[in-house]
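Letters are used for the chains, namely A, B and C, taken in the order the chains are written, and counting of residues starts over at 1 for each.
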Amino acid sequence: VPYLRNCWYLAAWSEELAHASALGRTYLDTAVALFRDESGVAAAVEDRCSHRFAPLAAGKVVKGALQCPYHGLRFNAQGQCAHNPYGPALRAMGIRSFPLVERSRALWIWMGEAKDADPALVPALDYFESVPDSAFSAGYLHGKAHYELLSDNILDLTHTEYLHPGTLAAGFVGKVRPTIEETEAGIVLTWFVPDSEPLPLSRKLLPDLGRSDLLMRVEWSAPATMKLTSGTLPLGGAEADGYLNHNLHVMTPETEASAHYFFAATRNYRVEDADLNATIAAARAQIFSTEDLPIIERVYERMGGRDFWELRPVLLRDDEASVLARRRLARAIAAERGTLPPAPPEP
Amino acid sequence: VPYLRNCWYLAAWSEELAHASALGRTYLDTAVALFRDESGVAAAVEDRCSHRFAPLAAGKVVKGALQCPYHGLRFNAQGQCAHNPYGPALRAMGIRSFPLVERSRALWIWMGEAKDADPALVPALDYFESVPDSAFSAGYLHGKAHYELLSDNILDLTHTEYLHPGTLAAGFVGKVRPTIEETEAGIVLTWFVPDSEPLPLSRKLLPDLGRSDLLMRVEWSAPATMKLTSGTLPLGGAEADGYLNHNLHVMTPETEASAHYFFAATRNYRVEDADLNATIAAARAQIFSTEDLPIIERVYERMGGRDFWELRPVLLRDDEASVLARRRLARAIAAERGTLPPAPPEP
Amino acid sequence: VPYLRNCWYLAAWSEELAHASALGRTYLDTAVALFRDESGVAAAVEDRCSHRFAPLAAGKVVKGALQCPYHGLRFNAQGQCAHNPYGPALRAMGIRSFPLVERSRALWIWMGEAKDADPALVPALDYFESVPDSAFSAGYLHGKAHYELLSDNILDLTHTEYLHPGTLAAGFVGKVRPTIEETEAGIVLTWFVPDSEPLPLSRKLLPDLGRSDLLMRVEWSAPATMKLTSGTLPLGGAEADGYLNHNLHVMTPETEASAHYFFAATRNYRVEDADLNATIAAARAQIFSTEDLPIIERVYERMGGRDFWELRPVLLRDDEASVLARRRLARAIAAERGTLPPAPPEP
């Protein structure tokens, strides 16, 4: 199955790449060296020196360029050889560079045609820009699974009931039904649970909470960007009056068999409380790394390298959102390649 | 090389599977979830949920059924969906189940045609049933080798002289000859060593032992079940008057390249002595895991994925029993598949 | 790409193989057991018993022969079965043996046609024979890379400037040019740096050193033997008046994807100083294992299993020596196989 290429993929959190440093990561089977110059500008080039194939990300930033750790050739943000210690820097020494945009505390990379890399297409995550550090946390996990299994997981919140009983289980399975909306941008899945106990984790963080209306809304867009708004609202009250957590889940394929899982969160309450922020960040990282990721990696293992549809999954009512998302992505890939989309079975 | 399918394979020791628990293990390339309900009845089903392919053995037993750890579907001993939290439990949600019989402290699984799974065919190991816990021990090792290399090892006791010099070497190589008998059930290899020093391990366990007659008898039946009777008899005395150890060695293929190695033992002396029992169990586990298994795994490595016969082994006099067993198994597999057996060279 | 077969490969340092012991190592995809008998004579045989394929190097030396750890067959230096505990030792039980010569503190093996194994062709390393133990050290590293990448590394000393800044960087890049000479035996690369600061490592070992002339000379011969003379000479003085380190770097292919890296050193100064010797040995082992090998292994990883030339490396001025060596080796392999050599691009 091919990748969607002409889109922005989350490459790294801004905080992962210090000034005058480099970071090697593979996207869509391609090894990339991210680097940030001394003034803070980030760039992305092929992580393989044109000379002897050394990994450039193991090198260091010198005068705004990335210097090969082996023989000292330097490459600038455009992939041009900026310095050759042994003679003239020739055009033929250049390597591939990739469009990179830094926005909303993240670096976004474009792995397709560079001419189509329109910065206006970077996902808008405005609430990450205006929020203080004390109300923002970001995390990264490497997953040994196809990236769509990771996005399926967010688009199907019923799993919280079984996988996260002590923290995120809301007891709504079988009681209420979600709404699913197809928009131009993607798919919006909304669960509203009136008059419920708060989530166990919410109650731990905010002990005064009583029965509330619960809101969970996932806004998916291709290839695998999900904004997840999780709210605890006053009974019968408005969304804006609730405690709202704005979570982001983004998966970037590393290979067919592995993915980068980026997550982040902010909130509309106690935004100056750095301790609360650290507690939330630690709880999330703990849940994702010890509960979600292990089961998804084992699912992928069980699939034995075969395609999801080929294995004929039994689809349940609550697979609707993830199946719609899989179709949208398949259509987008087919459109990009000029082929007809595959037709998955109805859920 | 195909597997023999229509036979009982040892799946686990009874003691490995607690009440209301599950255990995942792969047999003949197929991932299986064993589980035992709250009342103690064991069952075996495919270890892959029909919904999203999660490993069911990572789940828990709820109301006699195995509940998927990811989204909560439950499957009963027949593989039927017993509970679907999101709607009706449909026949189409079912998964494969496998005949399972619990007998003589072990669970036996049938990986072939379910209709042929006759419990009367389970290997009879009566002495494990009547013996107290203080005279029984069982062990399990995972081996990275083809299972026939592990059964060859038991059918060729001359290796004890070189591989186990301080514990099981009896000094009989080149002094006596074994008898080999082909029976309907399989092959019986018997070594009788008159007027010998006891095995070093026997002398450690029973310091009063003087010169004795030694008996070692292996009763092999396909695919890889071996009862090994090891006796230290009074000089010129009857078998029943000796110190007898009834050992069992059974290999179940996991894949072509790996095997489950099950072993167990009981004895006819000091059967109430739990300390002696623990000492014997520890010595056996130590020998098998640090002496037999490593060399067999390295042999398999050296074979480089090639077939045993294709490598043209030089066969020695004492390979006769193992070669006969290999032939019997090849014939049984060919008979099951309706093809002619391969003809290995004479030993 | 095939190997050069009819040549002597360094198999082990003499000190790696004690009297009456064995050592298993793979050369050119072939598993070999080296063993040394009780009197000190070393031999090389296939590391796979003809009987049950056990690794003979895991056995022990008994009466001048290597005894299989599994069933006790013994093989002599010619690979003949010297003892079969179960019957007569037959010619058919023999295994392959390999010509082996011990010279200059090393064991050299011939993996090609045995009839062509002329001991006179063993590389001459006379200075290792006459030197006291206090002025000799040898080391071994296992590298997960094609062996030619390891020899390229020695033939291109400019990398020291970037990879070894605190120890071996002489600051000569861009200041002087080396000479390269093609001889019948191979290729000689010479760097001479007049009036230079000594290498950082030299200054640490010999604190009184002032500005000196520096000499680095690599004498390469196929397949991958390199004598590296590293000298710190009095300004304008003769080579013989300098502090000279005679280093040896030899790579023996294990597989296409891995290599044995042997290195050793002696010197012409303070040859009785065992402490200095240990300090030099430790510094070299540290540099090779933490700086050279990791980057070369990552280069090999980046090459993704593809051929060096197929990846179209950008070649710089200082790749000349390594490219000449690659051509010489390719020609030698082609000559051995009776085929035309590939024609790599000009550097």
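In this section, a contact is a pair of C-beta atoms (placed from the backbone, for glycine too) under 8 Å apart; a residue touches a chain by one contact, two chains touch by 3 or more.
None of the values given here were measured: they were computed from a predicted structure.
Enquirer: From chain A, how many touching-chain steps at minimum until you land on chain C?
Expert: When the steps are counted carefully, the minimum from chain A to chain C is 1.
Enquirer: Could you classify the chain B-chain C contact as same or different, where same means more than half of all interface residue numbers appear on both copies?
Expert: different
Enquirer: Round to the nearest whole Å and give the separation of the Cα centres of chain B and chain C.
Expert: Chain B and chain C have C-alpha centres separated by 47 Å.
Enquirer: Name the residues of chain B that each touch 2 or more other chains.
Expert: Residues of chain B touching two or more partner chains: there are none.
Enquirer: For a test of understanding, state which residues of chain C touch chain A in their complex under the given definition.
Expert: Those in contact with chain A are residues 152, 156, 158-159, 161-163, 173-174, 295, 298-299, 301-303, 311, 313-319.
Enquirer: Using the touch definition from the top, list the residues of chain C that touch chain B in their complex.
Expert: That would be residues 31, 47-48, 50-55, 58, 67-72, 84-87, 92-93 of chain C.
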